[in-house]
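Letters are used for the chains, namely A, B, C and D, taken in the order the chains are written, and counting of residues starts over at 1 for each.
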Amino acid sequence: MREVLYTQRVAFGDCDPARIVWFPNFFRWIDSASRHFFVECGVPPWHETEQTLGIIGTPLVDTHARFVKSASYGDELTIHTTIPEWRTKSFVQRYRVMRGADLIMECDEVRIFAARSTDDPKGIRAVPIPASIRALCA
Amino acid sequence: MREVLYTQRVAFGDCDPARIVWFPNFFRWIDSASRHFFVECGVPPWHETEQTLGIIGTPLVDTHARFVKSASYGDELTIHTTIPEWRTKSFVQRYRVMRGADLIMECDEVRIFAARSTDDPKGIRAVPIPASIRALCA
Amino acid sequence: MREVLYTQRVAFGDCDPARIVWFPNFFRWIDSASRHFFVECGVPPWHETEQTLGIIGTPLVDTHARFVKSASYGDELTIHTTIPEWRTKSFVQRYRVMRGADLIMECDEVRIFAARSTDDPKGIRAVPIPASIRALCA
Amino acid sequence: MREVLYTQRVAFGDCDPARIVWFPNFFRWIDSASRHFFVECGVPPWHETEQTLGIIGTPLVDTHARFVKSASYGDELTIHTTIPEWRTKSFVQRYRVMRGADLIMECDEVRIFAARSTDDPKGIRAVPIPASIRALCA
């Protein structure tokens, strides 16, 4: 199973008045790690896949995160990303956010490959995962 | 069980190139709704509780969110917040993010009441939930 | 000259370890106030104007902000927005962020009405301000 | 005059529905570049300087930015940071955000070294720039 690493420095402004990372920022970084995983696997940018496959991104369906230790500014975090499970129209993407040997938080997501809805201009819908993309990520 | 409502407009910049809310923003709003819940119950700001009770906030331990429908800019969302469970050193806070009658996402969090760690200047630790705070939220 | 008000509560997570608003958040709120100004004037959402006028938004060209007093969580801010100057392909949008009678910050922006570039799929270009939009904002 | 570089990848979620960087994100990155400048010069973290010098950070007084070209996700930006001017209680910090040889945006800030206000627990005040810090940045 392929594992891709993504590093993230924690900035002063990522922290709240309690001087620890304000937790929504972890989800910003995880989303970047998710995208970075596909980039490292050779999947093109979404504005290209929109033209070729109709795919505009991999929105979240479900996420479950556990916060183990706090982090603060000056820390350098490494996010370890894998895809432990592929389903027909969705997949599980897993993240372990580490500071050196310390686990800071871990997260399991269910994501879909999304195309624009055919009836609602603002809506989206799940499409079967293209074999070409899955092959790139193996 | 007390329910507190919090309204949030979706801004253009809250949305990503797929034209839907970039999901970390939901966690920003949920965190505001969490704090708003305590404010509505009469709990003082954390910089006051830090002086009186040593409590600097209610950091997350665990969060589980399910994304049901997408939202976009111009939408007005209402977040319905409750605390369905109190434990000794933690509690469950529940959110239902609605657009009118439509459920957009729902989220169950486990949070603690945190004080500064006594040995590590950057660390935090869970403290027993003060009876005075729990009484305010009943 | 039309003035439109926009209110913004300051959340815990909007503040940094110095316990004051982390300044990029002011620009998030100002951008919402900018959009809110046009909404109040009756200008349609950008995904509609993209179809009708080719206009995808009003990106910034230049911004100049002055920070007068700090703000913190719990504060309620009111942003007073005007357009003191219209030029051929740009306009000046002005913001005064107030907490009651206190001026917190003020900002003058130059923005354009943008369409997608005809040669670069990721680029944008300025277009003459549509008379229909200017009339709505008078 | 010392120049410090800071690199920043543009993420999908940093871009808005017009598919370009949502401008408040530039200020997030500039603030990181500002802090990074001091770190590279050997200035300790603010929670240490708070103990030793009473200094809690370098909040903004004034910022003036010019946006030259748009950037989008996948871009790698390099921020070139200098301090072209030191005054008694403030300094000018300058940023040039580049994508390769292309100037994306440039920004001149006036910042102060801040300590907590002695009368207002939530307020801050400017202090004379410590000679020790200025020497580190030369």
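The working rule: a residue touches a chain if its C-beta (ideal position, glycine included) is under 8 Å from a C-beta of that chain, and two chains touch if they have at least 3 such contacts.
A quick note: this is a predicted structure, and the numbers were derived from the prediction, not measured.
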{"item": "Number of hops, chain B to chain C, where each hop joins two touching chains", "value": "1"}
{"item": "Chain pair repeating A-C, as identified from B-D, A-D or B-C when over half of the contact pairs by residue number coincide", "value": "B-D"}
{"item": "Copies chain A and chain D touch via same or different residues, half shared test", "value": "same"}
{"item": "Distance between the centres, which are taken as Cα means, of chain D and chain B, whole angstrom", "value": "30"}
{"item": "Inter-chain centre distance, chain A versus chain D - centres from mean C-alpha coordinates, in Å", "value": "28"}
{"item": "Centroid distance [mean C-alpha coordinates] between chain D and chain C, Å", "value": "22"}
{"item": "Sites on chain B at which at least two other chains make contact", "value": "12-13, 16-17, 19, 22, 24, 28, 31, 46-47, 57, 73, 122"}
{"item": "Contacting residues of chain A [partner chain D, same complex]", "value": "9, 11-13, 19, 28, 31-32, 35, 39, 45-47, 57, 73-74"}
{"item": "Chain D contact footprint on chain B (complex, rising order)", "value": "12-13, 15-17, 19, 22, 24, 47, 73, 121-122"}
{"item": "Touch list for chain D against partner chain C, complex", "value": "16-20, 22-25, 27-28, 31, 46-47, 56-57, 59-67, 70, 72, 114, 122-124"}
